[in-house]
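Structures for review follow.
Same chain, two partners: chain A is paired with chain B first, then with chain C.
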Partner chain A sequence: MSATPTIAFDAARCDGCGHCMNACVSAKSSDAHRAQPRIQILRDDESGRWGIAQCRQCGDPRCASVCPAAALEKGDDGIVAWDGERCVNCLICTAGCTFGGIAFSAAEGHVVKCDQCEGAPQCVAACTRGALRYVTTANLYNRWGDLEDLFVPGLGGCQGCNTELIMRHTLRRVGSNTVLATPPGCIPGMGSVGYNGMLGCKVPVFHPLLTNTASMLTGIRRQYKRKGRNVTALALAGDGGAGDVGFQSLSGAAERGEQILFICVDNEGYMNTGAQRSGSTTYGAWTATTPIGESARGKTQDAKNLPLLMMWHGCEYVATASTAFMEDFYAKLEAALDASQRGFAYLHLYSPCTSGWRFPSASNIEVARKAVETNFAVLWEYRRDQGLKLSRDIEDPAPVTEYLKLLGKFRHLDATQIAHIERHVAEQAQVLRELARMHPREGRQVVGHQSDLMAVDLDQ
Partner chain B sequence: MNEVVEMTAPVAHAASGRIAPDHDAVVARKEPKILVCDANEAAAWGVVLSRPDMVAVYPITPQSSLAEYVAQFVADGVLDAELVEAEGEHSVLSVLHGAALAGARTYTASCGQGLAFMFEPYFRTPNLRLPIVMSIVNRDGITPQCVWGGQQDAMTVREVGWVQLFCETVQEVLDTIVMAYRIAEDRSVMLPVNVNHDGNYLSNGIVRIELPEQAEVDDFLGAPDVNWHAALDPKRPMGVDPLTGGATGPGPALFVGYRRGHCEGMQNALRVIVEVHEEWARRFGRRYAPLVEEYRLDDAEYALVTIGSMAGAAKDAVDAARERGEPVGLIRIKTLRPFPLDAMVAALDKVRAVGVVDRAVSYGWNSGPVHQETLAALQYCPHRVPCLSLIGGLAGADLTQAHFERAIAETARLLVSPCPREPVWLNAEDR
Partner chain C sequence: MEQFDYVVLGASHAALEALRAIRAHDSDGSIAVLDREARLPVSPTVLPYVVSGKRPEDRIALRERGWFDDLRVDYRQQAHAAALDSAHSRLRLADGSEIGYGKLLLATGAAPAVPPIAGLSDVRFHVLRTLDDALALREAGRSAGRAVVLGAGLVGMHAAENLARAGARVTIIEMRDQVLPGYFDATAAARIQAAFHDNGVEVLTGRRVERVAPRAGGCTVQLDGGDPCDADLLLVAAGVRPEVSYLAGSGVAVERGVVVDAFMRSTAANVWAAGDVVQTPSFFGDATPAGGILPDAVEQGRTAGMSMAGDPGVQAYPGGVSLNTYGFFGRRALSVGRDAPQQGGADWEVLVRGGEGSDAYLKIVLRDGRLQGVFGVDVLFDPGIMWELILRRVELGARAKALLEDPQDAARALMSGLWR
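The block that comes next holds the complex of A and B.
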């Protein structure tokens, strides 16, 4: 399915003038009745900001799935269409929709919702402040959304955990002709292999040892190749199973060029077992084994840079990614999957841990984004034949303190420690800048905020 | 015959020339292919004949030449297998776990420190019921630093759940490796098998052996039957090794079921090992005692208990003693796990005293591991048999006929005086 249009709302630009609602009323009213607007601009009393209630044209519309009369259906054009011939006015759809996108209109006598005015939404035309834009969006969803989610519903991850997001997106894309290895850690811990005879996903999946993921996948991949079958060997590992106790097997498989897609979901510690320190834990961080006390102020060493170590193995493909930049992640997943047909592909995902890093579970994406915007986590990719390229501009980053202040694990930092982190972040950025400079080939530059990644203006 | 000679090491070239100078004539008479080689090369030929899909190796003295032979056979196209030169023994066995779960017949070899490093996946192999065959070229453990033969490696892991077979001769090594696949892949067994051959004694001892015909071995072994019970295959998706429930839910019963099934597989292996050895004798004309060998035992008053290659020198000592009229016999354990209780009791029941010679130490018991095993078996004997521990052959120390003559003398003494609690250290005076 190609990208489909939708209406994007930028709350920061909205002043609540209501022109959009008036335009909608004009567009949808007839001689018989005055229409109820399909777009509602509402004030959030707490924040003072304006919000929107309008149909999102969801990819998997809840209104349609709860409708007992099949009166709502998502069409190929992306529009969730309402069919008055079938509707029984039960209004269950209005309860199903989270966004207030479908509502009962007393004047019209049935539910109403946005139909985007046949490709020329009047609300957007009426908005003078640029708060409403008519865009193609949800490229990810539209490209991959109809692929099967191969994990079971209800994995037991912590609230707000991004690792589950990574797992589901990855397997959705990689597909079912796969053997999945999940060494001990959060990923099997949330049930992806299963508990008590109940399975966690729909592809062959197993617990390797914490130490031998890449080795077991070596045997699997090679045996199927020997038998003429192209089975994807996929690892979803934590940073301990990849970079600490698992590093020997990872390094060996990378050196041998085994055809494996190895994804390290780095939450900077042994978070599944209660947030203990790992080699990936960053300097100064509190963990259960680098506690704060009279004579200790968190971890005293910098994290090892695992993706760079993997790059020096001469892998087919190595990249870093973040859940705050999903388009970038998907592009890299695509490249890594392709590279794993020829050799070792390594993807390193920065995945903030709500419980172990001590921040509110609702802020996970914000934390992930801030890590990238401050250069605390730098996004890049390496191809053996092209060298390293930065995925994103790293000049003029936001101050590192903007990232540090979001996290409880850094609450105790003193000025010296902050200075150490700032220096380290700058040094790492410089190393990557130099590596990228050594390979000044045309790269895919992904610049800017996530909303820019997600949407391209139709009229450009 | 020609290709065999070409594929073997230089030493075998020269020696083969002496043994069978007229290759064509040998083939024409349908006589067996002859090799002159050590047990590491013989093991590699056993691997060739067994046609594994995947071999993973990491070199370690005294196994290294075995790994080299296998690699050369793959390079020469003699062995059509995936060869994984892993970065350590831990990965070696892990690679085979993955391969076996994908349906591969697999092989590796290690010993000593390599086995120690491998322990984590080694421990898991029988619990996953993977029919992997692995040679252990027995080596003593450090410290003190040592690269020499000894059985401390295999003895230390005897409670892990692998089938453990110990060979006496180079020929038996080759034959047992092939037989090991039949035992391992038997659906009533489904367990990994260690084929042990002593480092130095067998790994470097060159003798004449016969090489079975590939077609006959193919017929004997059949196709690999490896992952019918647990597979990692997109065509048969399943979760392998999900977390069990601990103290709640179906956890304990599930876990007990695994352990109990494992024990049953072990007991089934006793029957299968016997059947396979009998079939081997029928097809290939070489008969080995599958569980416990009795040597000049029927009219013996006392006996030595041995394991592995030391039985050769021990049998010479027994023969010499018999010449002198001493009523001594010998028991050789081939199968240590599963422990052949009935066969061992039957053998022990024939004598009034035994002396057990170990090439390893059971520290807390102040004796040798096979001594402990023998003591446990004696519990089932109708009459009491005093049982002396003798320890020798550690770290490559030579166990000569003279050492065994001393062992015989020490054992004979049990008929007239109490059994000492202290072990006899056979090489304690050797400088």
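The block that comes next holds the complex of A and C.
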């Protein structure tokens, strides 16, 4: 069974204009009849909100399970398809659906349901308010599902941690022609390097020191090259191993333009050793080393912006990504992998820590999403030849407090601290906004007189 | 003796859903399905459409053989369980062979109930439960001048309509005072009955058959205190009884069906049951009729399959809610849930629109402001949403009025807000 693209509905953005329904009627009508819309937008007067009735293309469609004529079936394309040749019009499917997704149409004389217009849903195209979105992430999961999982089946991560998702999906795409470095941190802690003499993954993996990941990968990559073999040198490191203890070797490798794909999984601290602060820890956050007491109120410094620091190295490719936006992550992984064949590629992934940040294990993706939606974690990418681009609009962010209040590590914050964080978030967003407007490539046209020879012999 | 991790008896809705649920959690366990029939599984619900000729009998199979193959299920036809020895976890089949199981699902469904009517065993009569029944009835219906249908339940009403369409003069005889008792109240039933009358079908309610006697080419049906009525074709549609003949002495408790707990476990270890073979507890915890409902059989099958496979996601079966979608002469009647009791207290509320002569009839039953039942004739709504609103015990509050005015839109808008 494959995953299916979804038509997502955001009630808060809907104003009930009905364009989606009209578009559906136009798409599904023929000369013979005027179709009943397969999408319905309805107002619940009690709550004052708009609702939707439309087929969800369930993974486990009950309409099909209850059909006595086998007239409904979920196809390989993910669409629950209706077969008019088999349907007996008993309407039992309408008893199986709790979404109002399949209903009898008097005009057409049989039940009708959404088929997502063969991948181009007209209702979504007609929605001008962004209340309907055609989410095709499932296609990526399907494609990724066909790739080999190169980690062991069981990884010992904390419940709800998104790092397993990051590890498996990354290595599936990067593939088996890889040497993997996982410096001390949660990732080897979860089992990447294995236990009892057994490897944790199907590619050569090693466990460098916190300090020398990028240096060791440099040597390995160069040695393979010398032997005539082109392997991907991949690092999966934490923010400590990348930006604090490991920064010297990382900075050096980036500056030299080593052909490495370096992925930093940023959980804003040394989480697997008991949640100590790191350079990436947010101002005000509780950690084991920035406790809350009579006078101590959490970390007193702002986090450094590691991905921006990496950008200033002039890397081939630098990007930030979030597991709440998988399509964006996949696209960036693709670009980073490609860039790592030419030079240094750095990918920075936000990884909310269920245990260290103190939030329910079921809300990891929600926390990650909120971080992005509040501009706390801005998604962007930098290519050496194109400069920095924002990956999504940051002009109308949700209040930062919507993010802060999700996390136990911020529970103690007072108004001054919150104002400090809000200011910092706004400043970072402004910096990125400005950077995205710049066009450094235009500087290629040298202004003034072009010098043809060095006038001075610098070696004297 | 052959041995399987899972053995499933029956291959209809409950069994098929259980197979899917088992495989969703246990990709390796060996599974055998033993089906009494000699053909691919067919739902009893489509049989009226075979009788009417609307659907050819070779296009109605619920699943093709390839479906079982894909699930790596050993699907066997004409395999009839004769006895169950739950103490030793094995089954004896009608051909004398034995099969051992780790876990067993009883999904043998139900067979037509034959009422104790004098002389019935001496005449040729039809029932409608299997494809063979449907083919025989279709054949007989072609030449029947006069047909009598005993029972005005869904099967009887469907068949009567189809026989009438085929040209027979049809009489329906129902013991109780209305057609479709248990599904619709008297007002709704009267609307439906009128449609049959308009289409030339005679409906006699509140009447008993005293005896039947053979007659050349058919039989004579003697009603209580009335004239005898001749029939070329007699269809007995007096309900069903669970197919439990093989369970005698098995250790599986049977009352009005196999007794099960909320995870569809029978009283015998490692034996589950689902679908029409089960004595379905009512969701409402009262005497409301439950069971014999297709979507319910699917729910039970899923619950049983997940429980058998040890799927940690399994949830307790909430109990049966009566649920019917009934089409007649191009019109539609829908019923979900229960009606108010005769002597309901102040906590009950019944909202009705459309009496005699109106375009449509709709009745909404509430208790403590929570939906208990929705019944409509010539009104469309989504029975699946109503079912969910009942199961969730959603308080309707001021929405009840909107629901009565436009049950489809109001329920959709409410449900949409309840989904996250």
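We adopt the following convention: the second predicted complex is superposed on the first by the 301 of 460 C-alpha atoms of A that agree within 3 Å, B and C clash if a C-alpha of one lies under 4 Å from a C-alpha of the other, contacts with A are read in each partner's own complex, and residues count from 1 in each chain.
Operating definition for what follows: a residue touches a chain if its C-beta (ideal position, glycine included) is under 8 Å from a C-beta of that chain, and two chains touch if they have at least 3 such contacts.
Note that the structure is predicted; figures quoted are calculated from it, not measured.
By the touch criterion defined above, A:69 reaches chain C but does not reach chain B. In the superposed model, A:92 lies in contact with chain C only, and not with chain B.
Contacts of A:291 after superposition on the shared chain: neither chain B nor chain C is touched.
Of the two partner chains placed by the overlay, only chain C lies in contact with A:53; chain B stays clear of it.
Across the complex, chain B meets chain A through its residues 53-54, 56, 82, 84-88, 90-92, 94-104, 106, 120-121, 124, 231-234, 236-245, 249-251, 254. Residues of chain A that touch chain C in their complex: 9, 11, 40, 42-47, 49-53, 62, 65-66, 68-70, 85-86, 88-92, 94-100, 103-104, 106. Chain A meets chain B in the complex at residues 176-179, 188, 193-209, 211-212, 214-224, 226-227, 231, 248-249, 251-253, 255-256. Residues of chain C touching chain A in their complex: 13, 16-17, 20, 43-46, 49, 54-55, 59-63, 294-295, 298, 302, 323, 325, 327, 332, 334, 336, 380, 382-385, 387-388, 397-399, 402, 408-417, 419.
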